[in-house]
Amino acid sequence: MKIKNLIAATYAPLHPDGSLNTSIISEYSKFLVRNKVAGVFMNGSTGDFVSLSTEERKEITTAWSQNKTSDLYLIDHVGDPSLKVSMDLATHAADKVDAIAVLAPYYFKLNTIEKLVHYCKEVAACAPNLPFYYYHIPVLSGANLNMLDFLKVASKEIPNLEGIKFTNNNLIDFMHCKHFEDGKFNILFGFDEIFLASLPLGADGWVGSTYNHMAPLYYKIKTLFEAGKMTEAAELQRKAIRFVEILDAHGGFNGVAKGFMKTFGIDCGPSRFPHTTLGDDAYNGIKKELDALGLLEHLSG
Amino acid sequence: MKIKNLIAATYAPLHPDGSLNTSIISEYSKFLVRNKVAGVFMNGSTGDFVSLSTEERKEITTAWSQNKTSDLYLIDHVGDPSLKVSMDLATHAADKVDAIAVLAPYYFKLNTIEKLVHYCKEVAACAPNLPFYYYHIPVLSGANLNMLDFLKVASKEIPNLEGIKFTNNNLIDFMHCKHFEDGKFNILFGFDEIFLASLPLGADGWVGSTYNHMAPLYYKIKTLFEAGKMTEAAELQRKAIRFVEILDAHGGFNGVAKGFMKTFGIDCGPSRFPHTTLGDDAYNGIKKELDALGLLEHLSG
Amino acid sequence: MKIKNLIAATYAPLHPDGSLNTSIISEYSKFLVRNKVAGVFMNGSTGDFVSLSTEERKEITTAWSQNKTSDLYLIDHVGDPSLKVSMDLATHAADKVDAIAVLAPYYFKLNTIEKLVHYCKEVAACAPNLPFYYYHIPVLSGANLNMLDFLKVASKEIPNLEGIKFTNNNLIDFMHCKHFEDGKFNILFGFDEIFLASLPLGADGWVGSTYNHMAPLYYKIKTLFEAGKMTEAAELQRKAIRFVEILDAHGGFNGVAKGFMKTFGIDCGPSRFPHTTLGDDAYNGIKKELDALGLLEHLSG
Amino acid sequence: MKIKNLIAATYAPLHPDGSLNTSIISEYSKFLVRNKVAGVFMNGSTGDFVSLSTEERKEITTAWSQNKTSDLYLIDHVGDPSLKVSMDLATHAADKVDAIAVLAPYYFKLNTIEKLVHYCKEVAACAPNLPFYYYHIPVLSGANLNMLDFLKVASKEIPNLEGIKFTNNNLIDFMHCKHFEDGKFNILFGFDEIFLASLPLGADGWVGSTYNHMAPLYYKIKTLFEAGKMTEAAELQRKAIRFVEILDAHGGFNGVAKGFMKTFGIDCGPSRFPHTTLGDDAYNGIKKELDALGLLEHLSG
């Protein structure tokens, strides 16, 4: 049974002093479920995994696991440039979450499918009873490999391969992956700003940071699309894009969007370097800008 | 009245010895009209403009002009690294075609909107009564500028600005351009392989090389999309992608696809360097591959 | 007998109205000889070949040829994205200059040695009695191929292959090319700002734009280097770098440096798009900046 | 008193099972001193820091510290994408080594000098009594910032800033950094293959992996250079380049070169993913190739 619908890439919750604050995860979880988010992708790029210690990543995994409910699917990103660290994280996650994922090592860039499959296979074997996802995000990882080629090899080598979190705008490769072996693999689309473009291509699962903030809007886009109301769907998609652009203009999307969670009552605390942390005044200004666009009504609640 | 629907990026017709052969343009024109192609984008990347002399480009313009019919809209690409040459080509085209287009100079790369608008404005002024398009193809031109920013400036500076031939996979920028000033500008989508993804975003005009070969297939995709039959639409889009991939694997898409025109009775002759020219045997092999995919029935006729 | 020492990449001389002004070439030639420049590389990047028509490029070739003296070696760059145009230019140059050169076609990027050698071979054969150079400038041409690999193939295929104008900072590849077949080929170094770094590697011929302006300074660097006075040599090299940076900061080096020629009495006229043309006042300001660095005394005279 | 001369970027010593083996560091240290290596750059790219856990990095630091002798300067690379981890490593190193260094975070790429200085300042403050180096390696870190600009800001913000490990082929920027504030900062050149090109530019300190294997050869190049024997110096430099190319061709330089240490009696054990580990037979083959080039006599002993 594949996970479908919207999956939120969650933020690393911190205390004002920058230390981990897993106490909010219970509320965070309820907030997501209330907004019909189907799952969580923790410890990913949105979750600032590179700015956390290995121990902190494990604590986050444990905390989500302790708040697990049947209506929220938990994917834990355990990738790391160190295969050893990644295997350690996978082993830790094996009895706590619903699935694991890894991106490619991103210092020494991987440039062959063989190396990538080798890496994934070793990590996947540390949580053999969990579905395994490869997290394809070449803009950040530098591993710009073809995912259809990856599936052809990995599907034979990794028994628990479940799919790909596909964060790239190569829609040709996305279509091929969706179609591979009669759609056997779960290809989660990871580019929120073109959610609408993914719909006619058959996308049915999505992972992204903005599903924290605007899940209702995205479900409306989907409904409009299914009703053939493309003009209205495109108008909402543009609003979603404007949300990202407006926050981004205030100092970088990642950090600013994390702080914005506070306006929903989910205080994730400050951002870690190199991301921006803003004060309450800044968020009041941002909300005014969003209001002027008629965006407030579409946000999560 | 904006040009809409499918526009074919046409090939440069050559004799077997590599010299220009404009005599086939009359048949070429009828072939396109017969397949419901609405327009022609001549002297573009598909048309190997960089491998033609300035004089040859003019002859091609003249030949299409002499075969002009009311049901085929003619856009002439007159861009060149030399502004002077581009202005010369625009002046020549001014009384012969329906619209002109330019890409950005591609040796000394343009990196500011101001420089780009300056270039476009000078060329557009040489054909002041014709609609003017900017041809955005950053992968080849190296001018990776934001098109919304371009429209904001160019719309004030270039009275005959009509739109953009948008050959890039930045669908965010595409949506913004479509929406700019209530959709005033004609943003022609130029990435054939993701035609289907452009539909919910509001695309209604497309320029590409594969509209020479598969116009009927693309109209079917559009019909299926409008009927809400997304699975079938996606299946056809994948076939269109496979067409490109199969031809590409035989020595490079541009050259191989040009030769493929002969199978429709439109003999465009050999390709110029650096593109590949294949023999008839190769095309028989290619047709067998296409047949195995059930693609032959979807080709132009 | 290989051409050695400093070769100036010359500017395209224009009238104030932007049309060609070959009448200054006689003076330009004397100026270079007076400053001990050993040769001319015409119609290159410095010479704005991409902004000239084919006819204008020929006129420049003819004009330099008519002013030819025994003490100035003439290399004509005849490269063009169109192989046909390049062959035409080579044929025209065959009885007029001492050598020809081509860069790689730069719209459809060449990505194999075979394609590059094919292109070079065809052009070289149009001037079979002239030495032939490949102009390696991957930052602008996009053809980022290994030059040792090129020499291995081209040396067997192109009988009149003389060497490479090597405008790249891959000094490893440069050393390999210098050493190939006992130094048989003439590898002209093309990165003026690191002239000094090329000296211990065995460079003995250089092509660049700043040899128009500062040939005496570069000869002093060479003399200091040969005397083991590295500190003083490096100090002069830094001054040469500052010259480039100062002019560049006034609107782009290519255009600004062309206008600077007027201060030597060689009025090359305005720059063509996209380069900058400055007025006399600007040059007075620039000269003050150069004076403050003690650079004026090192300029050509 | 600035560290000068050759500094070896050391390997992470492992047991055959892949666990840390710091017991060889005593011998490793004597080997380097015997070959006149002046210092050690530990936990860098050569040392596979990205494949080590934080704890392992600390153990390596401690082990070198325990084997410290007055004739071997110890630089510990403590950079990490997580500022918190980097500060932890710096604090640990503060009383153990002679200097620390950091590269830029390499997942979320830094694109402003301000961000980079902020990061460096926070880490440098954790070891306030140690000289601090920035490790500039844009090809791997993705932080392609100008180092002169960095020095201008960092020199005012970071009291213990000592210099830069400059692993980039922008020799212009290198010269500017060497010259900045009368040569106040120690700019260590990090591109072994063009060691010779750095000599006339004033380089007097070098960090690299090949100084493990060929320190005697590099000292010979320096001596030849100082004696004005450039042809012989260039010949040796080419041999050093060939060493890198030959090992690289056997499965990637990093991993293969680590295994090669065993031939000197310094058994660093296997490489971690993604690097290659070869068997003894392979090294016998490699030694034959090096012998054929006359390279064996120039290796460390």
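Side notes on the structure shown:
The letters A, B, C and D name the chains in turn, as written, and every chain counts its residues from 1.
One rule holds for everything that comes next: a residue touches a chain if its C-beta (ideal position, glycine included) is under 8 Å from a C-beta of that chain, and two chains touch if they have at least 3 such contacts.
If you're wondering where the values come from, they're calculated on a predicted model, not measured in any experiment.
Looking at chain A and chain C, the chains in contact with each of them are B, D. The most distant chain from chain A, with centres taken as the mean of CA atoms, is C.
Averaged C-alpha coordinates put the centre of chain A at 36 Å from the centre of chain D. Computed from the mean C-alpha positions, the centre of chain B lies at a distance of 51 Å from the centre of chain D. Within chain A, not a single residue touches two or more of the remaining chains. Inter-chain contacts, as defined above, occur between A-B, A-D, B-C, C-D.
Within the complex formed with chain A, the residues of chain D that make contact are 18, 45, 50-54, 81-85, 88, 105-108, 110, 115, 118-119, 122, 140, 142, 254, 272-275. For chain A in complex with chain B, the residues that touch the partner chain are 169-172, 175-176, 178-179, 193-194, 196-202, 225-226, 228, 230-231, 233-234, 237-238, 241.
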